[in-house]
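Heads up, the next two complexes both have chain A, just with different partners, chain B and then chain C.
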Partner chain A sequence: MNRRVTTAVRMGVREFRRTPVLLALLVFLPAYIIGAFVLLVPDVDVPATIDGTRVAVPMTDFAAAFMTPVTVAILSGIVGLFLVQTSQAADDRLRLAGYTATDLVVSRVGTLGLGIVVVTMASVVVAVFAFTPESTVPFVAATLLVGLTYGILGVVVGIVLGRLGGVYVMLFSPMVDVLLFQNPLATDAPEWTKLLPSHYATNALFDAAFTSSIDVWDFGGAVVYTVGLLVIGVLVFYQATDVE
Partner chain B sequence: MSAVHRTLAGIQASTRSFVREPFTVVLLVVLPALSIQIYGIGMGQFPDVGVFAVSGSVATVGRITGAVFATGALAGVLGLFQMISARHADRRLAICGFRGVELVTARFATVAVASAVVSVVATLSLIVLVDDSITAPIATFGGLAIAGAIYGLLGIVVGSVLPRELEGSLLLVILADVDNVFASGLFGIEDSVTQFAPLAHPHAIVTQAVVEGSLATEHLAPALGHLSLFALLSVAAYTYQLESGGDA
Partner chain C sequence: MNIASKGDDAGGTANSSGDTVVSANSVEKTYDSILPFTRSVEVLDGATLHVERGQVVGIMGENGSGKSTLMGILAGVLDHDAGEVERAGSIGWCPQEPRLYDRLTVDETFQLFGTAYGMSDDEIVDARAWLTDVLDFERFRDRQIRHLSGGNRQKVNLSVALMHEPDLLLLDEPYTGFDWETFLAFWDLTEELRARGVGVAIISHIINERDRFDVVYELHEGHLHRQEIGDDDGLSSEPTDDDVACERTASFIDEAGAGSGQRATAGQEESE
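And now, the complex of A and B:
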């Protein structure tokens, strides 16, 4: 990594650090969402489709596992959206000062990645207080993939739609995608929901949460989806910061 | 310039700044219908496993949930961005001679008008998209309007207390999303808890209006209570940020 990139990432991290309210929210909000549901849902077993099989799981475990990707998707999406929005003016100046578009892309992806790691870690820590995933490392990896997917989506949506429009879209997207259409309680999910951003990552996450097996197909699909979105995001970002 | 003219000028300027972004206006009109339809399809795929505290078919309650969520969330985000984008302008207007009450009235009236527009769009979308005919459209509109007003005011509170776009959006989005899940009955959480969720009572009013065709009088007072509480909080927060120079 060249010096320009490390400097830009360091500045991005410093900006995060200088806004303690943001850091507090990134830590508190996962505790609020996941914690609230774990504490409030009834103490019953619910039938869920895990790895293609209908099994009964305790509602509290289900709530902890299920609200983790919901939380990470919402927070990462909003962070991605505003990361680009707030850095756009600085990026244009850095471009004039000699940063290449690649330097900027790598810097912003790096900063976004760090933000998503913080959100993922905060969410996973809260979740594992409530239940123990059958396969912890794959559970964390799948959660991170959900975060990366929605973080990149937030970047793209922010550049294309602007702030207000972007917030509207990122307010609805994770709820619709993760909460409604990747919900293991559902028995009759339409085929097209497999095309939604979090399909493979949430499948991998639920497998990791409730089974000891790892579905390589789901992880592979999630990685391919994330990389595909990253390519789109990089192209859109290049376009948005093209000074020449 | 009289007080009425100053207030009207404030409302006009706020509305104009919003209407100047046509894509946002399109979203405000399209998202309620989209949300209603998607929630209907989404919740329709859930079997009745005994954990959903809902009356009526799950798909219908899904559409109602989509309507309440869209109305509340759209009004809330609008209230938030109104406050954040107008802070500096309001301080300059105060220096120019606008009184605090005129500025408060202008901001609140803009959010109220936008909430009413979203509520009308959501009501019409529900009438078109719900399978059975809705025999209590006024009560449906009333419930949605209360949801929109509560979240519009919540947006003003968040925008005044936390006047930064990223942090304010994060907080509002999470509050709206969690509140909506509580209100929907999707996780079977007890009423003794969900009754404190701001969207719970408007959701119940809309549900009874759509499913039973009557006004849920027992939910009206708590819904208006929430509305009054957020009105008080928003006036206090707005006045504080105006007097403190906005650096709350």
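And now, the complex of A and C:
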């Protein structure tokens, strides 16, 4: 990385560190959403569709595994939104001062990536207090993919809709996508729900949580979805910060 | 859109295109909306302007006349629909609203933008020492931008534009919120830059400061009307370049001349 990129990433991380609300959410949301669900659900087995098969899993394990992507999606979306909201106004000035489009994109993607790694780690640490995934590394990787997907969405939504509209969308969309349509307890989900951002990543996550096998297609689909969103995000960001 | 930009890299050096550091020829700009039943706003209609090395140019006009749009186009952060903009050398742009990172300190802001300009650490330290001394905000160096007063934030905003000693300075109401001492320090600094050969374009509402400019442009109904400022304040309503007469220009400058005994303070100016 060149000097401009490392400086911008370092400054971006400092900006995160100086946002107490964001840091508080980082601690509070995983503990609240994952922890509260695990404590509240009854100690029974529930039927869930994992890798196309109907299996019975303990409700507490299911709650921990299921609420992890919900938490990560919400937090990552907010991190992406925050990143673009705090930097957009000055980023075109930074471009004018000498940052190339590549410098700036790499800097912001780097900062976003670091933020999502922290969000993922915070959520996974809370989740593993309640249950142990069958395949830990794939579980973490799938959670990270959910975070990247929603983090990039947060950036795009932040640029297009602004702060208020963006916050609503980034709180609402994980609820609809992950909580409703990717729910393994539900049956007969419509075909179009496969197009939603977290479909492949959550499938991979549930596989990793409750089976020892890894579904390469789900991981591949999640990676392709993330890369596709990243391309869109880079184009939108480039357009928003473009200078002559 | 026809764009002919030279020296787009802000860290670049001046080229050999003569003494003009920025020229805009017949620039047009209309704000359109993709939403139905909303009207387009035509802001610039053939605006023409030139800034030479060592020249201090004032750009005046009523609220909403398009001064900040023109400045954004000159800086290269806004697209234009038609016309040509040519720049020579490095640019320092001070927007009307400070475009800074709120959660960075003053020192970090210098570090980030200095790196962007391609300055070494030593050069950044020297530039910071120079500007914090001249504009008197050395004691706020470790404070985050969001915790600064409006005037001090504006000092940082101005400093970011100045720190790499550009060939062209584009300042959009740079002294908003300055106290009187800083306001005077700003003009001393401008004189110093003029002597160094820096071309300076300033959007200003303070008509009574017109004697400090070499040339004043009034932006009215999308056109720029040029007025040379010299020993002989002969007034002319004729635009120099865009062939659109503007009687308002003469009266505008007449009023300024009549009121030249009154000195407005920086705090009295009206933000656009």
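Here is the rule we go by: the second predicted complex is superposed on the first by the 242 of 244 C-alpha atoms of A that agree within 3 Å, B and C clash if a C-alpha of one lies under 4 Å from a C-alpha of the other, contacts with A are read in each partner's own complex, and residues count from 1 in each chain.
The rule is short, and it goes like this: a contact is a pair of C-beta atoms (placed from the backbone, for glycine too) under 8 Å apart; a residue touches a chain by one contact, two chains touch by 3 or more.
What you see is a predicted model, and the numbers here were worked out from it, not measured in a lab.
Using the contact criterion defined above for the overlaid structures, shared-chain residue A:A97 touches chain C, although it does not reach chain B.
In the superposed model, A:F219 makes contact with neither chain B nor chain C. In the superposition on chain A, contact is made by A:T19 with both chain B and chain C.
Contact with chain B, but none with chain C, is seen for A:F82 once the two complexes are overlaid on the shared chain. In the superposed model, A:F131 lies in contact with neither chain B nor chain C. Once chain A of one complex is fitted onto chain A of the other, the partner contacts of A:Y200 are absent, as it touches neither chain B nor chain C. By the document's definition of touching, of the two partners only chain B reaches A:A63; chain C does not.
When the shared chain is aligned, chain B comes close enough to touch A:L185, but chain C does not. After overlaying the two complexes on the shared chain, residue contacts for A:R3 are found with chain C alone; chain B is out of touch.
More residues of chain A lie in contact with B than with the other chain of the pair chain B and chain C.
The interface of chain A with chain B overlaps its interface with chain C at residues 19, 86.
Taken together, the chain B residues at the contact with chain A in this complex read 21, 23-24, 27, 31, 35, 38-39, 41-47, 49-51, 69-70, 73-74, 77-78, 81, 162, 164-167, 169-171, 173-174, 176-178, 180-181, 187-190, 193. Within the complex formed with chain C, the chain A residues making contact are 3-4, 7-8, 11, 14-15, 18-19, 86-87, 89-90, 92-94, 96-99, 243-244. Listed in rising order, the residues of chain A touching chain B in the complex are 19, 21-22, 25-26, 29, 32-33, 36-37, 40-42, 44, 46-47, 59, 63, 70, 74-75, 78-79, 81-82, 85-86, 161-165, 167-172, 174-176, 179-181, 183, 185-190. Taken in their complex, chain C has these residues touching chain A: 3, 5, 8-11, 75-77, 79, 85, 91, 93, 95, 97, 99-104, 108, 111-113, 115-118, 144, 160, 164.
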